[in-house]
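Heads up, the next two complexes both have chain A, just with different partners, chain B and then chain C.
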Partner chain A sequence: MKFDPFVIPFNIGLFFILIYAVVRSIIWFRALSRPDKLRLQRGFFGRPFGQSLKEIFLESLIHRKIFKTNFLLGYMHMSLAFGWFLLILFGTIEADIFGDSHLNPPYKAIFFKYFNPVHGMTGIEAAYSFLMDLILAFILSGLLLAVIKRFYSRVVGMRKTTKLKTLDRIALTSLWMIFPSRLLAESFTSGAYGSGSFLTGSLGSSLASFLPAIEMAYPFWWLYSISLGTFFILLPLTRYMHIPTELFLIFARNSGIRTGDQPGAFMEMQIYSCSSCGICIDACQLNFSAGITNIQSAYLMKGLRNAEDVRDIASNCLMCGRCDIKCPVGIELTPVRMIARRSGDSEAGSKNGIWKKYFPERHPVAPEKQSHEPAYGWLPEAKVPKADVLYYAGCMTHLTPAVKNAMVKILDASGVNYDFIDRDGGVCCGRPLMLAGQDREARELINYNSQLIWKSGATTLVTSCPICYKVFRESYYLNVEVLHHTQFIRRLILKGSIRLSFLRKKVSYHTPSELGRRSGIYDDPKLVLMHVARFQKTGFDDENSLCCGGSLGNTRISHDQKNKIALDAVHELTKADPDILATACPLCKKTFAGVSDTPVADIAEIVAEALSLPVPPAGRKGKKILKHRETANID
Partner chain B sequence: MHKADKKRVVVIGGGAAGLEAAGQLARAGCIVTLLEKESETGGHVKNWYHLFPDIRNSDEVLKYLVRQADHGNITVRTGVTAGSLEKNGKSVIVKTSRGERIISDAVVLATGFDLFDSRRKEEYGYDIYHNVISSADLEVMFREGSVKRHDGEIPQRIGFVHCVGSRDSKVNNLYCSKLCCVTAVKQAMEIKKHIENARVYCFYMDMRMGGALYEELYKESQESYGIVYIRGKVSEVSDNIDSRLIVKVEDTLAGRPLRMELDMLVLMAGMEMSESGMRLAESSDLQTAENRFFAPADHHFGSNRSNMDGVFYAGTCTAPMNITDTISHARAVVADVTDYFRNINA
Partner chain C sequence: MEGFGFSVLKERHINYDANDKSIAEYIAEREPSFRTCIECGCCSATCTTGAFTNFSLRELQILLKRGENEIAREQISKCMLCGKCILVCPRGVNTRNVILLAREAFRKLMKNEV
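Right after this comes the complex of A and B.
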């Protein structure tokens, strides 16, 4: 038997999805910027290609990262993905070896049993049939978990699972139907011919004992084919688009392409790579502390994919980056969200027409502002004395004067020739404006501060606020080294510029999101603390740190909700009953201090308390705060 | 015979409310035990200098209160903290910090308030800059007769920050503490009496002059004392090299930001539910309101009753009040307590 009409739905679906994948890949490739195109081309002939294959195997098939988070969830994803892959791979081999010809069309492999009903009775064939049944059983076990998860998410250890749209629901149903209908079709056929292995064979013979097996088999082969066809045709409109897209994404990422701050093809790839697994929902403090359950990254990606108005979702986020770290696909969720925020009032287009749904328009960007009047033209000319080290406290540190005073004390003790550039209130670093999407206005402030820093002739800029730190590092073009004060203090300790006594206090450390996940500084603060006090772990260290709740990134939630997040975070961080809850960000300090029974202090304050007699550098003179002229290189 | 005769009542807290309630209960025939956690009675009144609206010396009020509680039926026990309350049939057992169990027929809670700890508003620099003080610190200075900066100088430019820890959702206190406005008016005038040429600025959100003679006092402070009122919240405080304070504030009436150099800044700390009250609420399942003060059984006719039979409230443990209202509230509790005795005996 060569052909049967029931394979038509499958064939239509398969050819549709293959053509679609090629067209979409070309569209994406063409939309990449020139440097990104080059990166991709270089990646294709270099190491990234091998890395990508490895990553695709480990993450897209085995789902290693999900396994790390949650074993049952990992098993569910692995059995469906890896199982299906094996079924196709071994099915193709089976059709090639045992079929009547070589190089068969795909349907011959997928519907092998129908075309070769008596296969698998003896020897090697039986062993191969056993293997195929085993793979099918493997997939079905995962499918069972998926069905259970859909209705009782807690069974697989998830607090929440994603809500679905109608198309997702239809696609999900057709996906769920694929393997049970294959099982029944193969079983009936096996039952009729007395073939099949432990699963299809035994199920088939028991079914055949009271049902007309041949007549029953045929509709199930149809069902199997229709399920596959439907799933393939709907795939580009649903979250299952993540299956092909993720392969492209992994390859693009390994070639060195990043989201940055511009929308484009790579951002789209990331959006379509989200499988709505829901891990980001469980990681989100807005979910587990503030009870906000509809704004998590999975929903943002879904909204963007469906060209919905996502302004509310995009704005209601602490931007802490916990989901970025937890995302098993490695999507740059927070940068994508930042772009979605900037796109502002863009119209939610491409809602009409099925064609537009398959080929949505580019995600629109907010138009450039027409007015070019400078917003901060009234600022006075930047004036600053010469110094080696500049200390920039930032507005948040001015609201926590204890931190600022501690830094002045440390700087004085170190004998460094420094200038406190915003002692009497300076110009904002620009970050809040950038977070609000006002890049042009932010640029004015950045230029002003840059001038100030250039004129000073300094080699080092020290900030107390991680929010300022990040913007000085990433959005300024400076010829100075930018250090957060925890890094600076660590260098002072290593150089012996300050001597510290050991405080007999237990200290737990809260890693600020901006300093940790967003800037990658984890060790310096801890090492400084270990130097002066008894350092304790919290269970929320490093990448797994919490958001304090005071984030500037979210203007949508109430003080009560922020307080709730802060209270829950303090509760977790003080479980080891520390004497001090330390942090390294004035905003975190201020947020925690409002709700914490344990005293909250910045690392600078703790160091200032531990400061013993200053080391007198040779020829030290004068004690005035702003008048140090001694030089002490600190790098 | 009077129903309240020889009934045992424990009054917890020896401030204005506790002393007045104890005195009135004793006069009604009750045998009163007054528990005070500190070494002497008097509560916050001990620390005040002059009282608004008539600038009366607070010692006079203190003397009256102590005399009220000086009665044969009253045992005053200082240095004793109440740990928890427990119902046992009709009586209430008060467990103390010393491990005693005082059996009583009724308990009056007069646990009062704590002043808001101004360190929680770090941007104002309390406990960071020497010359940022609280309203309570200023009263102590008045009592000692010398208003001075930390370096011993007489301050010439003084600012008052209203609503410190009140009407501030950032510190979780949405309520108005009611007294800080008029206290600031009074203290501003006193400053002018102590330092003739001083310039005094009050930074306020609203002037809430609801009490008897308050508005008159406010008017007098402007007309006769030249106090300057600026509507706007202080955003941050820093110091300069001469340890003068630099205050940033927005004048919301003029619509412009201000930067002022001051010699001294006084923070008008609000009132919060006392810590001892909070502990009792937790250990004894007494209901508290959203503002954390004890929630009275009824806002209109049960402001002295609690959710526990035989346990009553007097004074600022239920809401911020001035001394006049506190004493009235303490007197009112006697009516509820005697009513209660009448009902349980019937």
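Right after this comes the complex of A and C.
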């Protein structure tokens, strides 16, 4: 038997999705900027190619990162992805070796059993059938988990309805139908001919004992083919588009392409690569502390994909970056959200018609139309004396004067030639405006502060606030070294400029999101703390750190919701019962101080306290002690 | 009242009928904490912009609630959104969102969308 009409739905679907994937890839490639195109070309024909293949195997098939987060979820994703891949691979080999000809059309492999019903009775053929049954059982076990998870998730209300609800549901149903219909079709055929292995064979013979197997098999082969065809045709309109997109994304990312701050083809690829696995939802403090369950990154991606108005979702986020770290696909969620925040009053949901759904316009985010008058004409003339080191406390530090005073004390003790540029209050660094999506206004403040720093002729800029630190380092064009005060203090200790005594206190450290995940400063604050006090781990260290809740990133949540987040975070961080809850951000300090029973202090304050105590006896140089303690404390 | 020797200063006259409170309503609808403000002035006391100009969020709140939008429109763009006012507010007003919404409302007012 060479052909049967039931393979037509499958063939239509398969050729449609193959052609679509090629066309969409070409559209994306052409939309990339010129440097990005060159990067991708170089990456495709260079070393990143191997890396990409490895990543595709580990992440797209095995789903290693999901395994690390949640074993059952990982197994579910792996059994469906890797299992289906194996079924296709071994099915093709099976059709090639045992079929009546080589290089068969794909349907010959997919519907092998129908065309070769008596295959797999003895010897190596039976062993091969056993393997194929094993793979099918593997997929079906994952599918069972998926079905359970779907209904369990509905109960806890984790899924949001979308505009494409009906289509998503049809695609999901067709995906669920694929493997059970294959099982039944193969079982009936096996039952009729007495072939098949442990799964299809035994199920087939038991079914054949009371049902007309041959007559029953044919409709299920039709069902199997129709399910596949429907799934392929609906795939571009649903979240399952992540399957082909992720491959493209991995190649693009390994070639060095990044989102940056402009919407474009790469951002679109990332949006389509989201599989809505829900790991970002579990990581989000707004979810587990404040009970806000509709704004997480998976929903942002879904909204962007369906061209909905996402401004409310985009603004209601702490920008702490916990989801960025956890995302198993490695989507740059925060940069995408920043781009969405900058979008103006765009006409969302204007995409009607099926063609527009398959080929949406370049990007769903329209930039805001802005007037070009300066918003901050009132800024005073920049005047600053010459100095080597500039200390910029920042707005938030002025609100926590203890931090500011501690830093002045440390700077005075260290003997460096410094100037406190915003001693009497300064102009904001610009990051709060950027976080609200107002980049043009932020640029005015950035220019003003840049002038100030250029005029001073300084070589080092020290900030106390991680929010300022990040923007000074990333968005200013300066020829000075920007340091957070924890980095600066560590250098002073290493140089021996300040000598500190050891406080007999237990200290837990809260890593501020802006300093840790957003700027990558993890070790300096901890090493300084180890130098002056007994350092304790919290269970939420480094990349897994929590947000204090006071984040300027969120303009929507209420005072009560912020407090809930802060309370939960303090509760987790003080489990080891420390004497002091240390942090390195004035905003975190201010937020925690209101809800914490444990005293909250900035690292600068703790260091200043150690400074005021009698200096250790001569001969024990700070440098040596720090070296010693660093080696003793690092795991 | 004037017959009894009492009078109101001319500059203190507020004509609520002539004033347009749509901006305040637009804000309060989207940010309910706007209504809880008691005009204590903590926000103005800590304001970064206030250190350089006569910008005062307290004044803005009063003006917007009275519907005297013209002065508010001129003042509102001065804010740098640094967020100190949120942290000092004893009533938990989400002041940054109030500013953002007021700007949005003024922008929409120009297009007659409020």
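Rule of thumb we're sticking to: the second predicted complex is superposed on the first by the 590 of 635 C-alpha atoms of A that agree within 3 Å, B and C clash if a C-alpha of one lies under 4 Å from a C-alpha of the other, contacts with A are read in each partner's own complex, and residues count from 1 in each chain.
By definition in this document, a contact is a pair of C-beta atoms (placed from the backbone, for glycine too) under 8 Å apart; a residue touches a chain by one contact, two chains touch by 3 or more.
Model, not experiment: these values are computed from the prediction.
Bringing the complexes onto one copy of chain A puts chain B in a clash with chain C. Of the two partner chains placed by superposition, chain B and chain C are both touched by A:424. In the superposed model, A:301 makes contact with neither chain B nor chain C.
By the touch criterion defined above, A:452 lies against neither chain B nor chain C after alignment on the C-alpha atoms of chain A.
In the superposed model, more residues of chain A are touched by C than by the other of chain B and chain C.
By the touch criterion defined above, A:556 reaches chain C but does not reach chain B.
Within the superposed three-chain model, A:376 lies in touch with chain C and out of touch with chain B [touch as defined at top].
Contacts of A:405 after superposition: chain B is touched, whereas chain C is not reached. Within the superposed three-chain model, A:590 lies in touch with chain B and with chain C [touch as defined at top].
In the superposition on chain A, contact of A:132 is made with neither chain B nor chain C. In the superposition on chain A, the residues of chain A contacting both chain B and chain C are 398-399, 424-425, 559-560, 590. Chain B contributes residues 120, 122-123, 125, 128-129, 169-172, 235-238, 240-241, 246, 248, 259 to its touches with chain A in the complex. Considering their complex, residues 345, 375-376, 378-380, 395-396, 398-399, 424-428, 430, 432-433, 436, 438, 445, 550, 552, 555-560, 587, 590-591 of chain A touch chain C. Residues of chain C that touch chain A in their complex: 33, 46, 48-49, 51-53, 77-78, 80-84, 87-89, 92-94, 96-97, 100, 107-108. Residue ranges on chain A touching chain B, taken from their complex, read 398-402, 404-405, 423-425, 559-560, 563, 589-590, 593-595, 624-626.
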